[in-house]
Amino acid sequence: MKYGVVKLTKELLRNAIHPVTVNYPAKKDSLGELTEIVDESRGKHRFDEVKCVGCGACAIVCSSSAITESDSDLERTLSVEIGRCIFCGRCRDICPEKGLELTPEFEISKKGQNANDCIRVEHSVPLGPCDKCGRPTFPIRQIESVKKRVSENIDPANLVTVNKDMEIFMRYCPDCRRTASYALRTHPRKSY
Amino acid sequence: MELPSTISIASIVFLPIVSFFLGIIYGYEIRKVSARLQSRRGPWLLVPKSLRGTLGVTRLFQPLYDIIKLLCKESLIPSTSTKGLFRSAPYIALTCVIVAAAFTPVATYSYLASFELSLVVILYLLLGVPFAFILGGAASASPWGVVGSQREAELMLAYETPLVIAAFSIATMADSLSVQKIIDVQATRLPFLLLNPLSAVAFLVAIIGKLHLKPFDVPEAEVEIVAGPATEYGGRLLAIIEIVKTFLMAICVGLFIALFLAGGSVPGYEKLFSIPTFLLEGLLIVLVMTLIHTLNPRFRIDQALIWYVRVPTILAISGLVWAYAFRHFFPAFI
Amino acid sequence: MRLGLREKARAYSPWIFHAHAGGCNNCDIELAACFAPRFDLERMGIQLRNNPRHADIFLVTGPAPKQIAPMLRRVYDQVPNPKVAIACGSCAITGGIYNRDDEKPNYAIGGPVEKLIPIDILVPGCPPRPESIIQGIMLALEKLRHR
Amino acid sequence: MGRTEDIINGLNQRLGTDFEFKAGTKIYWFYTNRERVREIAKYLTGEFKARLINVSVIDRGLNGYEVIYHYSLDHLDQYVHFNVKVQLPPEEPEIESISDIAPEASWSEREMMEFTPVRFIDHPDPRHLWLPYEWPNPVESEKCEHFVDKNGKLPFAPDTAQKLERSLIPLGPYHPLLIEGAYFRVKLNGETITDVDVKLGWNHRGIMKLFEGRSYSRGVFLAERVCGICNVAHTTAYLNAVETLGGIEIPDRARYIRTLMAELERIHSHLLWLGVAGDLIGFKTLFMLSLKAREQVLDIFESLTGSRRAPAMNLIGGIRKDVKGEVITKTNRRLQTMKKETAKLIEIVYNHPLTRKRLQGIGKLDLFTAKNAGAVGPTARASGWKLDIRQSSPYAAYGPEYTTWDIVTDEGGDVWSRAIVRLKEILVSADILVQCLKALDNNTGPISIEAADPKDFKFNEALGKAEAPRGELVYYVVSDGSNIPYSVRIRTPSFRNNALLPKLLSGHTLADAPIIIGSIDPCYSCTDRIITITDSGAKKNSNMAASSQFAWSQ
């Protein structure tokens, strides 16, 4: 029975020689020095200026509604409210263009009185104007990427027609597309 | 007895201050060593360069910073408490320990220790501290304070018995109740640690209980009764309690050295040489106490009481018997 | 910058009271990890106190459900001045995942914590890494010094 | 299978026309009327030793309310569950309580009374479980919004410091004994506890309501945040239910990785428990040592998933990220270090005379009481009940075709036995982990399959179970074919074990209270519900109801 105390003493004396404490606040680079932070670690977000097309898939999939997209004046802003995010990494996984990363940056604490003072990660992409009414439609880069995807995946026989159609449709906003669907030959009854 | 000289009066004034700083160093040692034993780093002895702007250079005086910080904080007084008693209890304890500190020799130096019955005075004054805590806890009207006071009272009965018996067995061997005399007896011959180890062990265990270190921190058991008698104290009053604890640490260790280790004096050397020895011995005793502190969980109050009766009290009594036997068989020694 | 002894002592020995106000426990165990061997906060003289009367830093985790909200306020009032409050974790800051999508209030949540007590430091993350918490506490020290 | 058929035949004979039966694979659904409920409960729990795992109420709008009694027989016969359904009319939603027949039902019924207008008649203690006593019953969302007035003041705030009786000790809501808010009103005689009343719900976040507003795939992350310590178990149980709904069979690799995560989490949870238990008996060093060992597990988590806690690995139809390549060898190495440290810890705990002294012989729970009150998890196993969902209804890779392992049990039933069971389980879990890693290293294959559209779900209700570190976890998910679940009901393990607390506590000293409460590893973020089962129950209830204002004194 007393053996436990002897064992513990030995263990403690061994511990005394090898403390396992990290130097964190003293040396900034010691973040995760013992754990080799993996490339998929989930810290503060970063939008890739080039890759992100502004489709807003991350906003739809976000499990705590921390990512919001707001359109204003030919610009779409995706903003991540870090103070609401749960860092599940779903946005990164779902991103079709791999335009959103979670960096291993964990020093995100801030002074502040309320949630508005918390860090926000924002990214804006330009929206293309509707050819007809001039209102903002979709992000320009998203239109391009959709075109690219469609032309990659479509049956080559239809490629020319589809490409031509897309040239017209993609520049209209949904409302204008609806009203102009006869002219654009997209109305379902048109073919009858 | 001749009139006290200026130096003597100065020593009376300065001794508590020295004791206080010793207590702070001991407090740091407990924290640092227990941290290291738990494979942590503990309060930095030297703060890394990049943090010195915010955190200062060293943490050696960590308990002192705690006390200064608490002194500058507001103290809240619960409306349900008995206010006068609640406020005065820490000050009663403080008076007790300051006077006791003046009596306790630091490295054999103490003017007051040479009085007859100085050992009785110290033990008596130390008894005042738990009494003041019990009063304060009971006056706070917090259920935790009350339970803490109750436990403190029970534990006090348990540890005071071996403490007093062990101290008096030493007095018996030295044939004096003056601490200075006890030191002098040891300085010329062997320290009582070797002559009466039973009492020494009993005394050490008793002061562990007195200082509320594990396994006897029952009155302050955090997860059970928050902070015991100190639950409702905050700010300045808590600072006073911390100061009392710091003093208590230094006094208990100093008393142990005085009674069992010849107050740090080494036979055959200058009296001045006793200062480093005293420090070293003090740090060693605290080290031993820290080891016990880290190695054990907390006793339940009933277990603590039974254990105190079973082990240290028996040890102390056998130490007393041994002391009488020693006196009887080696009268020349004393 | 020269500091008086009082300000120094304040920054050198902050004691933390951890108030759990709902939430899923992740923040709480990460805070426990801050005091465990790997991220030992006692290096900086910081101690975890279980008594609000002894505390300087009031660390709140969780979205503050309605039932505990008044208690939280009351415990905050028991911390003697000067004090700093840290909201630790996303749900303490905004309610995090416990918010409803349609922005209507969740019937059970009385928070976020900022509604109940004045907050000084925000530590986002779900749960925040111990490094984030330590960084937040370092910021709190700066704030505490100038209180 | 003879036993199951016996039960069905017996029910048919007894109930005759009042009874309709729909076969599932091994999960049976019955329809009956409300007069027969008590009879069925007597029959199933009395004669066949079925466990009542939960009582759910589903609000069907104009069609009234559906009360479902979930009986589990899987501890006798793998996978077998009986679900007895009763339809109640919306104008008179009343049904007789069965909590005198099956005491486990008491809490579930109270919970359901709180959230739905269904009344369980003759319930012994119809107070609120989770919500403040002052709230209306049932709670209606419009009314509740008035509960925060314009100044942000909450009208149910407690009075300022009441003068407490000296012998009446409040433990909580803020008390160092538990990090989380819980309120125990303990009546003391000297230092001995004579009576306990519990009020929980300080952590109630309305999660079951939140589930009803989120799509199935987003619900996974909400399930993960029900509890931070057993988050994988929660997601696994939720996904077991959702995947049964959709008829999804996840690939083997996903099964192994789910098991890997769940077992890592079990180790983490048990090590954390050991640390907290150490703290509760004042053993700071044990706390530090076990948290040091725990960091190894967190390192494994981080290298596998990218986050120390909340791995977010489980998705509908599989998992998010593969575990392959050199990370497996690294994990194996870390596992060895962790195992060595844990073995050391076990030796220390086992041989330290003082820990033994503090833990042995307190908080005794005998097998009969454990079975009767429906203890689950390590608490039940420490009383000698061989009850483990991982073997009684295997999910993920726990079946014998994937991994082989044994259930750890102990006969003592006291706090010490619970500690021993948990410590041994760490080693068993490490064993399972090694098997999983080996299987992952040798096999290849997909890690997830396409999830079915909620429109094409095969069933419209399903039961999902998992063995969380604290015991059996039950999710009941109802689908109506839309994108979001119609209803989700959760029964957490601590919900059951907390019910035992008043029983365990009375007769012990205040100094033992923390470790006894800690010994069942209560997790109030999971649970957040309340109970009183003590001998002087009735008297105390009235006392408690009268003083619903909580004094909190610190």
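Lettered A, B, C and D in written order, each chain numbered from 1.
Criterion: a contact is a pair of C-beta atoms (placed from the backbone, for glycine too) under 8 Å apart; a residue touches a chain by one contact, two chains touch by 3 or more.
Treat the numbers as computed from the prediction; the structure is a model and nothing was measured.
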By count of C-beta pairs in contact, the leading pair of chains: C-D
Chain centre separation (chain B, chain D; CA means) in Å: 48
Whole-Å gap between the CA centroids of chain C and chain D: 28
Whole-Å gap separating chain A and chain B, where each centre is the average of the chain's CA atoms: 61
Per-residue overlap in chain C, given as positions that touch at least 2 other chains: 36-38, 40, 43-44, 50-51, 53, 78, 96-97, 101, 126, 129, 138
Touching two or more other chains - residue numbers and ranges from chain A: 5, 8, 12, 15, 19-21, 25, 32, 34, 63-64, 86-87
Where chain B touches two or more other chains, by residue: 37-41, 51, 222-223, 226, 231-232, 294-295
Graph class of chain-chain contacts, one of line, ring, star, complete, other: complete
Touching residues (chain side chain D, partner chain C) in the complex: 130-132, 139, 141, 144-145, 147-148, 152, 154, 156-158, 173-176, 179-181, 201-207, 209-210, 213-214, 221-222, 225-229, 231, 272, 275, 287-288, 291-292, 294-295, 298, 308-310, 523, 525, 550, 552, 554
Residues of chain C defined as touching chain D within the complex: 18-30, 32-33, 36-38, 50-53, 62-63, 65-71, 73-75, 78, 96-98, 100-102, 105-110, 115-116, 126-127, 129
In the complex with chain A, residue positions of chain D that touch it: 214, 217-218, 220-222, 224-225, 285, 289, 292, 295, 298-299, 302-303, 305-307, 310, 312, 320-321, 344, 347-353, 355-356
Parts of chain B lying in touch with chain C, wherever the complex brings them together: 31, 35, 38-44, 51, 54-56, 59, 62, 64-66, 68-69, 72-76, 222-223, 226-227, 231-235, 238
Chain B - residues contacting chain A, complex: 33, 36-41, 48, 50-51, 291, 294-295
